[in-house]
Structure formats: C-alpha cells, structure tokens
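We call the chains A, B, C and D, going by the order they appear; numbering starts again at 1 in every chain.
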Amino acid sequence: MSKPANPANFAPANFASDNVAGALPEVIAAVTEAASAGAMPYGNDPWTARVSARLRDVFECDLWAFPVATGTAANALALSAICPPFGTVFCHPASHANTDECGAPEFYTGGAKLTLVDGPDGKIDLAALTTAIETARPHGVHNMPPAAVTITQESEAGTVYAADHVDAIADIAKKNKLALHMDGARFANALAALDVSAADATWRRGVDVLSFGATKGGAMAAEAVIFFREELASAFGERRKRGGHLLSKMRFVSAQLEGYLGDDAWLRAARAANAGAASLAAGLTNIDGADIVRVPEANIVFAKLPLPVLDLLEADGFGFYRVGSDGTIRLVVPWSVTDADVEGLLGAVRGHIGPAV
Amino acid sequence: MSKPANPANFAPANFASDNVAGALPEVIAAVTEAASAGAMPYGNDPWTARVSARLRDVFECDLWAFPVATGTAANALALSAICPPFGTVFCHPASHANTDECGAPEFYTGGAKLTLVDGPDGKIDLAALTTAIETARPHGVHNMPPAAVTITQESEAGTVYAADHVDAIADIAKKNKLALHMDGARFANALAALDVSAADATWRRGVDVLSFGATKGGAMAAEAVIFFREELASAFGERRKRGGHLLSKMRFVSAQLEGYLGDDAWLRAARAANAGAASLAAGLTNIDGADIVRVPEANIVFAKLPLPVLDLLEADGFGFYRVGSDGTIRLVVPWSVTDADVEGLLGAVRGHIGPAV
Amino acid sequence: MSKPANPANFAPANFASDNVAGALPEVIAAVTEAASAGAMPYGNDPWTARVSARLRDVFECDLWAFPVATGTAANALALSAICPPFGTVFCHPASHANTDECGAPEFYTGGAKLTLVDGPDGKIDLAALTTAIETARPHGVHNMPPAAVTITQESEAGTVYAADHVDAIADIAKKNKLALHMDGARFANALAALDVSAADATWRRGVDVLSFGATKGGAMAAEAVIFFREELASAFGERRKRGGHLLSKMRFVSAQLEGYLGDDAWLRAARAANAGAASLAAGLTNIDGADIVRVPEANIVFAKLPLPVLDLLEADGFGFYRVGSDGTIRLVVPWSVTDADVEGLLGAVRGHIGPAV
Amino acid sequence: MSKPANPANFAPANFASDNVAGALPEVIAAVTEAASAGAMPYGNDPWTARVSARLRDVFECDLWAFPVATGTAANALALSAICPPFGTVFCHPASHANTDECGAPEFYTGGAKLTLVDGPDGKIDLAALTTAIETARPHGVHNMPPAAVTITQESEAGTVYAADHVDAIADIAKKNKLALHMDGARFANALAALDVSAADATWRRGVDVLSFGATKGGAMAAEAVIFFREELASAFGERRKRGGHLLSKMRFVSAQLEGYLGDDAWLRAARAANAGAASLAAGLTNIDGADIVRVPEANIVFAKLPLPVLDLLEADGFGFYRVGSDGTIRLVVPWSVTDADVEGLLGAVRGHIGPAV
C-alpha cells in the first residue's frame, strides 16, 4: 500500500452522489436563452407548454406534467395525490421516501404511514407485498387503509425492476385498488439499462404517477411529477402551490427540462453514467482484494474494499459513501464521468491494495 | 382614441409582474460557472458558504441563512418556525401570505390561523394591531394564541414601511412576545426606496426573520430565509428538508444569490425598477384622463385609466393587472425596465386617450 | 340599588352557558342501564345500532351517523370530510368554528381556511356569500378553492335561520358545488323554535352534514355527525378514529343519545329552555333601565344593563357572559331552567336597578 | 368433544377486551351525582379540581393532569407535546400507537414517524433501542431526529416492565435527550402486578408523561394525560382543545376519574382482573391439550388451543380474539370478571377438548 494514487495532474473523482456533477451544457444553454426575454409567470409560458408536449411525445400518451425543483417535492407531492392523510403507502425500507426525506411524505400527505416491504437488491418482494397488504387491516378503522405502492426505478441498490416485476406489482396494486407511484430520480439510468421506451417502462406497466427526475441526470434543479391518469391530477396545481413548489419564473425549470429532453441528451447522459459504472465494477472485479457486492445494473456500484484502502482513497480526495463499517462503499457514477475518472479510481485502488494484499 | 400605439419596431412592455423579467446577467454568469465543476450536494458547497458570509457582510451581523427556490416557501417556512400549529399570525389582508399562497402558511405551520389586520396603503395600522392582539383570546384555550406578526416590505400596495412604523410594530410584537417576520419578496426595492442599510431596515428595527427575495429582483429562482436570532433557526434545516426545499444541487441557488448580491447588482437593479416606476407615475400624472392611485414608493404603480383605454392597451400587447372593475390597474416595474418600455406605455396611453378625452 | 337579591333560600341561576346544566334524568338512566352489562366495544353494540335506527326515524331518511363526545370534534371532523386541506370553508365571523375551537377546523382539515362571511343577527348574508364565493379565486391555484359552507342553527346570536334562508344558502352552495354543513350544537332549540320536523330543517333544505348536538341540550357528552349523503361519509370512520374520537365503550355515548332522543325528551327540554328565554326577555323588556338587544328566537338572550347592575348581579352569584364593555350580556337559558331561576334574575335586576334608575 | 358447555343458567363470558365490561358502580354513582347540579364548563368545576388534587396525592408529586375521553386521544396528544412534526418516536411494533390508532400519533404530531423497536414479550429491548437511536440520523437533516420513546405498561403482550427495565430505558432516553412517555391504558393492572406505588412506577423511574387509563379499568370514557414536567405541558390546553378533546361538561369525565380513584376502587378492580387472569392461566395449564403462551403478568392471557375447540367456544358465545391462524388466542380479563366467568370458560374448554385429546 505504497504507490501514490494522485499524480500532480490528476483530479480524484467524486462518486459520492450523482448530485455532485454540474449541469449538462444543453441545460445551461436552455436556461441562458430563457433568461434573455420576458415571459408570463407561474407556468403560463412557452417553455412549460413545450415541455408538456415533449413529455407527451416521449411517453407516447396524454399525461399531466407538473415541473418542480426537487425530487423530495416530486415524491411527497405525488404521494399526497394518491394517499389520504389516514392511508398507508407501501415502500421498500431502503427507499428515499423512507430514509432520506425527513418525513416529507408524512408532511405532504398530512400524516400517512409508510409501511415497509422488504425484498432483495433494493426491490419490493412480491409475496411480501401481498402479505403486507392482506394483513394491513385486521381491525378495520383502527388501521390505516392501504392506498398506494411506491417503487424506485433505478433502485437505491443500483438495480432495476424488470418489466414483469413491475407488471406483477401493478397487478397486486390494481387488485387492491392501490395507486402505483414510481420514484424515477434516476429514471433515465433505468431506461438506458432496460433499453425500452419510456412508455414501456411506466404506464404500459401500470404506473399511475411518475416522479420524473432530471436533476441527478444533468439538470440543475428540475423534476416533473407526471400523472398518467387525469383524475389523480385534479387538485395537483393547488397541492404544488401550497407546498411552495410552483415557481414564479417557472420557465427556468421548464427550460432545464427542455434542454435535458431535447435531442435525447438525457439518455446519452444516462448511458454514459451506466457505462462508467460497468467499467468501474469490471475493473474492481479484476483487482485482488477488491470485490463488488453485486453487478451494477445502472449507475450505482456497491463494492467492498479493505478499510485501510478506504482511508487512503479518502486521503487522496476520492468521494464515495461508506455503507456500514465493514468496508462496503457506494459509488454513484454521474453523467459527467470520464474514462480518466474511472481509471483514476481503479489505479488508486490497485496502488493502495498493493502487491502484498 | 385612434393613434396606433404599436409601430413595427416596438415591443409593448409587460408590467404584469416583476416575475415576467428574465434573469440578471450576473446571475446567469454565476450559474454557468457553477455548472462547470463538481461540488458536494445539499449545501455543503463553497457557493453556499460564500453566500452566508456575503449576507453577514450585507446585514452587518451574525445570521442564519437558508436558501430556497420560491418566495412562498420562504414565507411559509419562516412562519412555521415562529408560530405553533395552534397559533395566530397577524398579517395585512392584502399580504401575499393571505391572498396568494393557496394556504401555504396554514400547511407549513400545521394549521395556524392568519388573523387579518387592516391599514391604509397596504400597511398594518398600529392601533388595529394592538386591538387585534388584545382581543385575540377572550376565551383562553378556546382561541388561538397570538404568535407572530408578518409585514411586507415593499408592501403589495407599492408602499414602504418607514423606519418608525417598523419600530412601533416591533415594539408591539415584543411587548406581546410575538416574533416579527418580514416578507421581503421585494426587499431590494424597499431598501433602494428607503436608502438605508440592510441592517437598518431589519434587525436594527426588531425584525426576527426575513424572507430575503431575489427572484423578483433578478434571480431565476432564489430566496433566502434569514434568521437574526439563532434559537428560531434551530430546527429549520429539518423543516426545509421535509418541505422538499433543500435542493440537492444547492450551489445553483447559492450561485444565483452570489451573482445577485455581488458588486451590488441587486441594488442597482432595484434602483432601476424604482426609477422606472417613478417615471411611469410621473408620466401618467401628466396625461389628462389618467390618474395614479398613490405616488409609488418603490416599483409598483397603481393607476386608473378609462376602461376602453385598458382594452386597447391589452390589444396592443401591454401587460398589467386589473384591480377590480373600475379601471384601476397594477403596473409592476421589473428590474429589466428600459426608458423605451416606459415611454412606450405612456405613448400608447396618450394615443388611446386621445385629444377628445 | 339597595335591596338584597339573594334571600337565604334562593340560589342565583347560572346563565353563562347551556353547558352549566347537568344531564337529563333520561340520559343518566340510560347510561346507568348501559353500565350494568357487557357489550362489544367501538360501536359494535346494540345501543349504537339503535341510535342509528332512531335517528333514521327522527330524520325520516337513510343517514350515516357517527357519535362523538364533543361539539368541536363533530364540527371539525364534519368539515374535514367536505373540505380538502387546501380548500376554503365559508362561515359567519361569530361562528363557533371560527371563534371558539382553537383551530380545530384547520387542524382536522389539514390546513383549510375559514373565510368569514358576515350578516346581521349571527346569520350569513346571502349577497355577501355570493360575493365571497365569486371573488375567492381571482388567481386560480394561488387561492384556496371554495369547498363548503357552514351555518349555525340556532346561531350564536340566539337567532334561527328561516327555511327559505337555508334554501337560498343551499342553492348558492349547490350552484358552486360546495357542501353545506350545519352546526347544530343547539339544533333542538332551533327545531323547537321553528316547529318543523328534523327532516324539514335539514336535508329537505339541502343540508349535507349535520353536527347533531346533544350535550348542550341535556346529555353529558354526546353529539353525532350525521351525513345525509353516503359518499361524504365513506372515510369518516377512519377520520373519527385517528382523531381519537371513536370511544372504546361507545355504548355510553350512544346510550346518552338514546335517552336524549327517546320519548322526545330532547324536544321537551329544548322547548323549556326556549320558553325560559322568552320569559326572561319579556321580563327584562318590562324593566325600566333594562333592554334586550333583540327578541330571542330560541334559548339565548342578549340584554343590556347598567354596568353597576352587572357588578351587583355577579356579586349575587348570577352567571352570564359580558359581551364587550358597554353592558351587553349574553344569557343562555339551559334545559334545566325553572320559573324560579328566571324570576330570581328578574327580581334581582329590578332590585339593583331600583326605583331611581 | 361432546359435553355441552352452556347449561341453561350460564352466560359465557366475553374476554375479547377489557372494554366489553360496563362501568364500576363507583363511577356511575359519581356521574349521577354530578348530573344533579350546575357547574361551570370546560374544566372550571370542582370535580376537575379535586381530580387533580387526588392525582397529586396518588403520585406523591406536583403534576399537570388533563382529562380526556379516549386512550387514543391521550396517547396521540401526549406524543404531540414531546415530538415535533419532523421527529421520531421509538415504540414497540405491537404498541397500540403503532397498530390500532389509525395514524392518530402521526395526525396529532403533524407528521412524525413511529420507528419500531422490537423486543421479546411486548417490551422494547434495550440494545435494540440504543442501536435504533444511534443509527437514526446517518444523514443529518435528511432523517427525522429522535424525540421520544413510548412504552406500554401493562404491555399488549400482557407483560409488565420491571422497574430496572424502565430505569434503563429512561437512562437511554435522557442520554439522548428524548422524552419518555408511558401508555398506561392498563396502568392499574401494571401497578397491581408490580405492587409498587404510582410514583415508583412512573416519575421516580424517569417517565415524563403518562397516559393514565381509566376506561379499561372501570370508567365509561375517562383517561388523563399526566405530565410530571411542567414545561412539557405548557401548550397542552390548546392542543387538547383543538383536538376536540376539551369536554364542555368536563365534570362528567372528572367525576368518573374521582369515582375510579376514590377509596382505591381502581386498584381493587385491577387486582380482581389480574387474579382472574392468573386463575384462567392456571386452569388452562392443567388441561391436557391446552397451553398458555406465557405466564400472564397482569390481566391478559395468551393461550393456544386446538382450532376445533376455538370454533366450539365461539359457538358457545365466549368472546376472545384469535391471534394468527395457529390456535393462539388473546383473553383479556376485565375488572368485572367473576369466578363463574373463569370456571365457565375452563369447563367449556375441558368439555370441548374431551377425554380423547
């Protein structure tokens, strides 16, 4: 564990989150253009109209899209539209809604409960979901009635729900009259991984509402809550406004989405990130003493390295997130990744592990 | 009423809102620069640190600043930090919190009540405030206890609270143990109008929390909730997060604020808007058949014109907001206003009113 | 002002509230009987079933009744079933929901707004209601959409809405797709005053939900939220439970209602109270120096007496409530009133006013 | 399985819940007495004052007591006083707050989360609690901060926390600045089982707030939220009112509590229930083919019987609650239990199991 990882002209990459990346040039260009002229506020502008039209093209259907600035807002607002204050939302224990939103779902729904349904690889298990729904109300009004299911695509474990998995969850949801929400903070990465159309990944599978993420994928601060059923969207304008998420100069969020979606910039960015993750995983697999936890399906790699190596990597300036204390780390590969970023980390790992390990 | 207002090379200006303007070049430049490199998410970035430092300089004191993307979020979150779910906030009937936030204050506080205290020219009357507080709890726990006062600086009527007015309100608030919030969506315009320092306009007057607006003043989507008393800010991080207002790529909001505050761009922009409003009002005063409702103190002009003239102006493409049905209109002058914008409107009014009126 | 009002064997009556009275013997008998045997909890008991059946008889229609223990719960829960968290409820400024429930409507609805609509004699003015509804949403999603109207029957001013007044309010409500709630904390007094059937006073007039009060009328702690439209009641069981208002030994509330409704005890009690109020008002009218504010229509008398007389009456031990500081008082006559109670107060007033006044 | 369990003069007992019992004669007598005279409303009456005094005697300390009508209200209101809307309450998965209150804790706190901490026999495990607290906030404001712990005494499993167990939980709570709430729906049963003073079971162990139950123990509908630290109670009057839990004729709840507490009726009733449970468990243990799940520590017995026997017992008219589908049942012994009730069930079990089993 001796070779310096960090030659003079090398910048150690930050794999702590996709949020560490900047913004796509297409996004900045669109925002700059939008800044140069006047427009009516609160979404009554051409950018917002064009984004809705573009999303209809992308998803090949009629839809009701509401841009917001954060993923937490998108998720919590979406859930508030499909779950009453006294209802239950079924979600994976590792879901962002459960672990990282400081109670936003509870706040926006007005007090609903997140009921946790586990499953391997960050995905909800079908049998566990069925059991959870069936046993949710042994005492009638004493228990919070099931109202919705939310799944994360790409999941927090870096995996992707296959089409038939989503179908099966949608079936269970429909049978029990639950709405199905998809947290698509990394929707582009999932789509690139699945290599299917946006329609095939969502409403054709039975998804009712999608948090369509763009921030992680290359925007500055732009998401859209997309409803595939009009009746669910009926009061969403009011919900978004009272949450403080109706931007006065909405065009600046819409312009980001336009830049992101235009000319498939979003999919190219996602493919780059996914390819980076695959290279990173392949490289780690080839290093004695390094391991990956599972083969990454999109842009997140979970790996396991000796603790002293982690210390050295941090000292080098590499960014990643330690999961627990056994050497497991999470590496999120952003759209802006370069071959040098990946090679830089692999080289450093090799150097730190050294011939003796 | 015959002369065409709209020669070929003339674009009628939009005075519907300051939100119709684009963004200051300084803001766009800062955002573009921020997009080009990586940074840690959720405010753990150099831009956010620098904005806090810059605000401390601007306000000449220690303070606790929390950037958010919308004015509604800033107001509602600020009120939630100073009013319990069962408390009362005193506000002017015309205040944005009361009229235009679709219940965001009620939502964020968890059910608090806005108690309306009227006063001329969009400003809370001192005697009315005292009476409202004193009569708020005839029945003890049956009534919602007074918790806070919120004032709007610049007010929705285009007026500005004088220093002694704020002092008197702060005195009443302090005597009754109420916190004092200032909605500063147009704070820069007020400051430019008062020609005092930011400190003299706020904490030296007894303001506890400020919604520091930048969006209307030239940003894309950037505000900051600024606490001048640390104990009020203790759980604000959690409140902002669960409201979905902690941006993952926070630097893009902070960069806007940095661009806005840097080199006094904000004050220059506000002075330009105020000067435009003064020109507009002066011009209207000089037109027979046109009237202003009151002399504008910052960047909002209330005027009264014959209804047929309003129809013609709208047909020309001018933007403004009709207040009631008697010909009263609101003209908000944005930072981007030009002499041509003002002259264009005045010329059109003159043309439409014509010699016969 | 000299004669003692309070001979040795005389107890000065308490007109502070109808809540000062005890409970009807029929109510205590029913509760005592219910205590002597076992029963399934949470409303799965014969008392609760019988009360629903009895209410269907009383109201001559199918209905969905939910017993609760307080009037505040009945009102706030009822409003939560007909107004979304971002909606507006129109109510009179003097309504209990607005003045005396410490924000319970805001709490239970999840943040809805009470929009005040004034009118003489404690009743909502029709033109004012129409205007309030029509002007409630100048800015679309920026304003909280109208959702419901609530009226109080008997009103807090001691007046009673005539049938055509309720008809007109219901018409306005229906035209605007608002639900109509009636706060019937003193419903029995109103019914006795109007001398109509319960059906004619409610659903035949267009009332959708009634807070059917019994506590003030002679129960210990018993009310019922009665829905005349099934779809409004669909999730009320859950709402009541999560509010903590589903009593485990529900039969003890239901038994109160059964005792109250049985053999028309409730109407006899209400008629006695109303008659007492009429006697009190007539007596005061006949005393020089005493005045009534308006002729009472049910069981509440507003009177005006010299301030020194009020001091003496309070010293005697009489109970009443001062309204403002000009000598206006509110006298609520409970079901338990006796001729001696009324005569006692009148005699005391006469004595205190004296020949010289 | 042949002998009839149900001779002509025998009524099968209901062990479904302690709520199936009626009310103690002392409670009914107190209520009847309270009904016969007038009193000021909303707790400004002698009964309520006397109950507070009596509770101070019982608990040997100063305290702040707030009567309410339901246990759900007591728990949810108590938690709302010690946990902010964005906070976390640690509770056992089997706790009533988690399983049977339809989201009342979430509603009253304004959106707080219940974090489940398991442990054997219905009691929170100490190590699990420590781990849960320590791992609750890996991401700062992204996670809901720990605010309170709630334990149930007697637990839902029929067990009782020993003094040193409560001490240890209180230590953990104090070290982490969490408040400690005790759900005492069956507090009297726990006290009788522990044979200690009320003080030794609560504040001397570090309990900050107690839901003091009386309904299950023999009242009709009466509980009290008891604070042992004044600062926690500061706004509780408003919280209770806006929840609709401030009874207008409060004396009727207070009178129940007075009857319940007077002359130690509550403890005698609890001892009778506990003794009944002990007899029932002992009897079942002596029947071949019947089993108990654990030795009951207060008034709840978990037993296991052959499924056909359960069917026959239900056909007889016995009341109990099936837990799962393997023959496990819950038998709650109410204060009103008689030897005949216990013997009746045991005889029926013996008869149904028969000699052949």
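To be clear about the criterion, contacts are C-beta pairs under 8 Å (C-beta built on N, C-alpha and C of every residue); 3 or more make two chains touch, one makes a residue touch a chain.
Fair warning: this is a prediction, and the values are worked out from it, not measured in the lab.
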Chain separated most widely from subunit C, comparing mean CA positions: A
Of C-D and A-D, pair with higher C-beta contact tally: C-D
Subunit A and subunit C, separation of their C-alpha mean positions in angstrom: 53
Separation of mean Cα positions, subunit D and subunit C [Å, integer]: 34
Euclidean distance of C-alpha centroids - subunit A vs subunit D, Å: 43
Residues of subunit B engaged with two or more neighbouring chains: 42, 85-86, 101-103, 106-107, 110-111, 141-142, 144, 238, 241-242, 246
Partner subunit B, residues of subunit C touching it in the complex: 85-86, 99-103, 106-107, 110-114, 139, 141-144
Subunit C residues within the subunit A interface of the complex: 42, 84-86, 110-111, 140-142, 144-145, 235, 237-242, 246
Contacting residues of subunit D [partner subunit C, same complex]: 14, 16-17, 19-23, 27-28, 31-32, 34-42, 68-74, 76-77, 101-104, 106-108, 215-216, 220-221, 238, 241-249, 252-253, 319, 334, 336
